[in-house]
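See structure below.
Per-chain residue numbering starts at 1, and chain names A, B, C and D are given in the order in which the chains are listed.
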Amino acid sequence: MRFDILADLTYDFPIRCETLLLIEAAQGPDQLVVSETLTIDPDAAVARLDDDGAGERRAVLDTAGRVRIQYAATVDVQREDGAYQDAGQVAIRDLPHDALAYLRPSRFCPSDRFERFAAREFGTLSGGARVAAMVDWIGRHLDYQPGVSNSGTTALDTFVDRAGVCRDFAHLAISICRASDIPARAVSAYAWRLEPPDLHAVAEVYLGDRWWLVDPTGKAPVSGLVRVAAGRDAADIAFMSVFGTARLVAQAFAIAEAGGVSKTA
Amino acid sequence: MRFDILADLTYDFPIRCETLLLIEAAQGPDQLVVSETLTIDPDAAVARLDDDGAGERRAVLDTAGRVRIQYAATVDVQREDGAYQDAGQVAIRDLPHDALAYLRPSRFCPSDRFERFAAREFGTLSGGARVAAMVDWIGRHLDYQPGVSNSGTTALDTFVDRAGVCRDFAHLAISICRASDIPARAVSAYAWRLEPPDLHAVAEVYLGDRWWLVDPTGKAPVSGLVRVAAGRDAADIAFMSVFGTARLVAQAFAIAEAGGVSKTA
Amino acid sequence: MRFDILADLTYDFPIRCETLLLIEAAQGPDQLVVSETLTIDPDAAVARLDDDGAGERRAVLDTAGRVRIQYAATVDVQREDGAYQDAGQVAIRDLPHDALAYLRPSRFCPSDRFERFAAREFGTLSGGARVAAMVDWIGRHLDYQPGVSNSGTTALDTFVDRAGVCRDFAHLAISICRASDIPARAVSAYAWRLEPPDLHAVAEVYLGDRWWLVDPTGKAPVSGLVRVAAGRDAADIAFMSVFGTARLVAQAFAIAEAGGVSKTA
Amino acid sequence: MRFDILADLTYDFPIRCETLLLIEAAQGPDQLVVSETLTIDPDAAVARLDDDGAGERRAVLDTAGRVRIQYAATVDVQREDGAYQDAGQVAIRDLPHDALAYLRPSRFCPSDRFERFAAREFGTLSGGARVAAMVDWIGRHLDYQPGVSNSGTTALDTFVDRAGVCRDFAHLAISICRASDIPARAVSAYAWRLEPPDLHAVAEVYLGDRWWLVDPTGKAPVSGLVRVAAGRDAADIAFMSVFGTARLVAQAFAIAEAGGVSKTA
C-alpha cells in the first residue's frame, strides 16, 4: 500500500539550542520512501545523523524563536498482519549481533523482573505462539486509558496499574518478550486508521529470520504502519529531543492512503 | 604498555543452556591484541557474535554440567591518563551517529533526572573541565563500600545512598555527563593495579573527537585498562549472560605487566 | 493571634460513596478553636471519626451528585517562630510511646535511605541545631517549583530532582530528621500569608519535650499556621479521601487575621 | 491453647547505642500472657515504651559490647482459624478511628497502585469472601522462595516478581485489601508449626466488628500465633531497631505447646 504522511510541528525555543528530530520515514526492506520534503520555517541548517545501517533518518536543527517543522512523504509499505505467529524462536547463537541489545533490560523495560511471570504464565509456548499469547494476555488484562501513565512510567508500573497508552502496552510486551529470550524493541510509526491520529508506539520482535512489527494495543494494523525509528524503548524513539528548552505551540501527525492526507490535530 | 590478562571461570549448568561471554579484550585504536586463547573444558562449540564495527568480541556457548572457561591474552595498550580534561564539548550535530544512544537515559543511568542538579552544581563548566569537576564531586561525596548496592541499584539510588562500588560510581558519572549533554557509556575492563583484582567498570565520555576512559573511583589508572565491552550501563557489559541457570564454582580475573600473570581470586 | 479560616469545596460524585474530610482545625495545646461551622449542601449526615487523643477532627460523608462543603472557623493560635533551634535531641527511651512511629520510614519519606547523607553532611550537630542546618540545606539546594513533582513523588525523588512544592520540601526534611533519629511528621495547615493561598504542608519535629512546627519552604510563618492533621507523610493528611470517584468543581482555602476572611481560589 | 515461647538473641554493639525490642507477647482479647521473663546479660536498664491501648509491649535498651537478650513467656491463645470468611465489610463511617491509618498506602504496601487490579479481579466480592479470594489468588500466583526479595522489597515488586517470603506475601495481601477499602495491617508473631522456626509476618484485616489474623503463606495456623506487634507494614514491626550499629552473633525464636520449648536456630 502507498501512504501519504505528514508531520507539522510548531515550537517556541526561548534560547537557541539543538534539537534532534526522529520524524522521517525509515528506509527498509518492508517500506520504500517514494518522495519526501522536510521544511523548516524560518529556514535553518539541518545536520544529518542518519544511521544508514538501520535505515533510520535523523535530523539535527539549531534554532531559536518560533519554528515550524513540516515533513511530508509518500511511502510504499509491503507488510502483512499477524504472520509472525508461525515464526520460530531463535537460539542466541543464531541471532544477528545487533539483536543482542534487544534482549537486555532497558530503562522502561526492566525485563529481568518478568522472568518468573513469563515462565509461569507462558512456559509451555515459544516463538511466535508465545508472543501471540503474551499480546493476548496484555489485551485482556490492561485498559487502554490516557492519564494513568506519564513519561516516567515503566513496564513494571504498567503491569501493576493495569492501564496505559500505546507506549505502555509496547513496553510491557517488549519486557515479557525479552524475559522469554525473544529480542524485542520499540518502534515509532505513523499509523493508518489509528484514532485519534498520533505518532504510534508499537513493539517489534525477532523471530525466524527477521523482525516483525506487533501492536499490543490492537488499535492499528501493522500493514498500515510507516516506521520511523527503532530503539530499546520510548527513551530511544522520542520524535523530538530538545537539548535546551522548547514550548509546544501546535503539533499534528497524519497519514492517509496516497491521494489525500487530511490534516488532523 | 604490554599486559598479560587472564580470566578463569568455572560454573555448573544444571540444564543445558546458552551463555554469552563478554571477557575477551576488544580490538581498538588504543589497544592491540597480540595473542590470545579461549579454551572451554570440556570442549564445546563457540559461536561468535562479534561486533566488528565496535571491535567488541562476543562468544556464545551451549553447555551443560561443570564447565571451565579460560581466556588468556597479551595486549598492547596505548593510552594516557587524565588527558581528557582539555578536550571540548561537542555539539550534537557534530557527534558520530552512534554516539547519540549514549546521550539517552538508560536502565541504571536515568540521566534525565539529574539535569537540574548538573546545571545547579556544574553549570558554569563544559567539556572536559565539567567532566573533571563531576568526577571530583563523586569522589568527595561517595564512599567506596561493597554491600550497600546490589544488581538493581541505579544512579538515582547511589546519589541518595552516597556509597557503592565501581559500577555505581560509573553509573552516577555517566548519568551526570548525559544530563550535561556529554555522551557517556559504561566500559568493562581488566584493570592493572586494581585491588582486589576483578573485572572493573568505568565510564567513557565523548569529548573533542573521540572517546576517553575515566575511572570515577580513582582506583586504577586508565593507562592500565584492557577494555572488553562498552554499553549504556552495566546491563550491557555483564561478562556472562546466562540464558538459563548457572552456579558459580570459582572465578578469577588477573592482569599483569607482560612477563608474568599471577592468578588471583 | 486570632485567625478566621475558610474551606469551600464543591465536588461531583457520580456514584454514591463515602468521603473522609480532614479540613477542620485541630484542638491542641497551641491552638484553640473558638467557633466553627461545617455545612454540607445538600444536607447530608456527617459521621465523626475524631481522634480525641491527638485533637484531630475527621468527618465522614456519604454523598452523591454535586456537593458543596463549607467549613469556617475562628481559631486562637499561640506559637512562636524558630524557637526549636535551642531544643535538644531526645533519647529514644525518653520519647513518648506514640512518637516512635515518626522515627520509621514511610511511603514518601524513606528515611533509612538518607542515613549516610545525614551523617556525612550534618554529623557534628544534633537536636534543634541539626534540624536548622538541614532546613537551611534544603532551602539552598531545592527550587520551589510546581510541575516537577506529582502525587507519587517521594523524598528520594525530590533529593535527586532538586525541586518540588511544599509537600516535597516537607517530605525531604522529615526524611533527613528521621535518618538523624529525630521524630518527624507531616502536618497540614491553613497558612497565613502563604501565596497563593492553599492548604499548606509542613514538617513537625520532636525536640526537648514537645513537637515543633517547621516550614522548610520558608513561605509561611509557623505562628500563622492553623493545624489540621498530622501523619507520617502526605498519604496520611490528604484533606479529602474519596472511597469512590469525585470530580473537582471548585475549591478554595482562605485564612486571615480575625475580622475579615477574603475568599480566594 | 497454651504456648511456651522463647527468643534468644546475641548481638555485638561496637559502640554504645539504644535498641528498641519488639519481641514480647502482646496482651489482647485473644491472648493472655500467663508468665514471662526478659533477661539481659550483662544486666542493663530496660526502659518501657509500651502502648497500653494496643497491648503492645516495647523495651528500649542502652547497651555496648556483646549482649544476650532472652525472652521467655507462657501465653494462652484463644483464636480459631478461617472464621473471617463470613464477616462483612465495614463502611468507613463505622470503623473505629484508629483503623483509618490501615486504609492508607504505606512504605511497603503502596495500596493505591492496586485499585484497578483489585476491582478487575475481585470486583464482585466484598468483605471476608473478598479477602479469602485474594489470599487464594496470592497462593496460586506466588512462589514462597527466600532470596528473591530483600529488606527494600515492596508489594509492587512482589506482584511483579511473583515470589517472596512471609513478609512479602503479607505486604501484597495488605495492599490488595486496602485497595478494596478493607483496613489491613502487618503483624509479627511466634508461629506454632512454622518450619523453619522464625518470627513470622502475617496480615490482619478489619471485618465485621474486629480484627482477624490471616496468613497468606498458609504455612502456620492462626490459632497457633502468639502476636507481638502490629503496624502498617514490616517497617513498623521489626523485632529489633538499632539506633546505631549491631552485629548478629546468634539468634533463635521458638514456640511449642506448653510443657516443653525445644530451642531451635
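The criterion applied here is as follows: a residue touches a chain if its C-beta (ideal position, glycine included) is under 8 Å from a C-beta of that chain, and two chains touch if they have at least 3 such contacts.
Predicted, not measured: the structure shown is a model, and the values here were computed from it.
Engineer: Can you tell me the least number of steps between chain B and chain D, where a step is a move to a chain it touches?
Structural biologist: The fewest touching-chain steps linking chain B to chain D number 2.
Engineer: Shared touching chains for chain C and chain D?
Structural biologist: Intersection of chain C and chain D contact lists gives nothing.
Engineer: Would the interface of chain A with chain D count as same or different, where same needs over half of all numbers used to appear in both copies?
Structural biologist: Chain A vs chain D: same; shared/all numbers exceeds half.
Engineer: Would you mind pulling out the distance in Å between where the CA atoms of chain A average out and where those of chain B do?
Structural biologist: 29
Engineer: Between chain B and chain C, what distance separates the C-alpha centroids? Give it in angstrom.
Structural biologist: Roughly 46 Å separates the two chain centres.
Engineer: Which whole number of Å gives the spacing of the CA centres of chain A and chain C?
Structural biologist: Between these chains, centre-to-centre, one finds 43 Å.
Engineer: Would you give the residues of chain A that are in contact with at least 2 other chains, written as numbers and ranges?
Structural biologist: none
Engineer: Connecting every touching chain pair, does the picture come out as line, ring, star, complete or other?
Structural biologist: Looks like a ring, each chain touching just two neighbours.
Engineer: State which pairs of chains touch, listing all of them.
Structural biologist: A-B, A-D, B-C, C-D
Engineer: Over in the complex, which chain B residues touch chain A? Could you list them?
Structural biologist: The contact residues of chain B facing chain A are 18, 20, 47, 49-51, 58, 60, 62, 91-95, 97-98, 100-101, 103-107, 110, 181, 231-232, 235-236, 241, 243.
Engineer: In the complex formed with chain B, which residues of chain C make contact?
Structural biologist: 113-114, 116-117, 120, 141, 143, 156-157, 159-163
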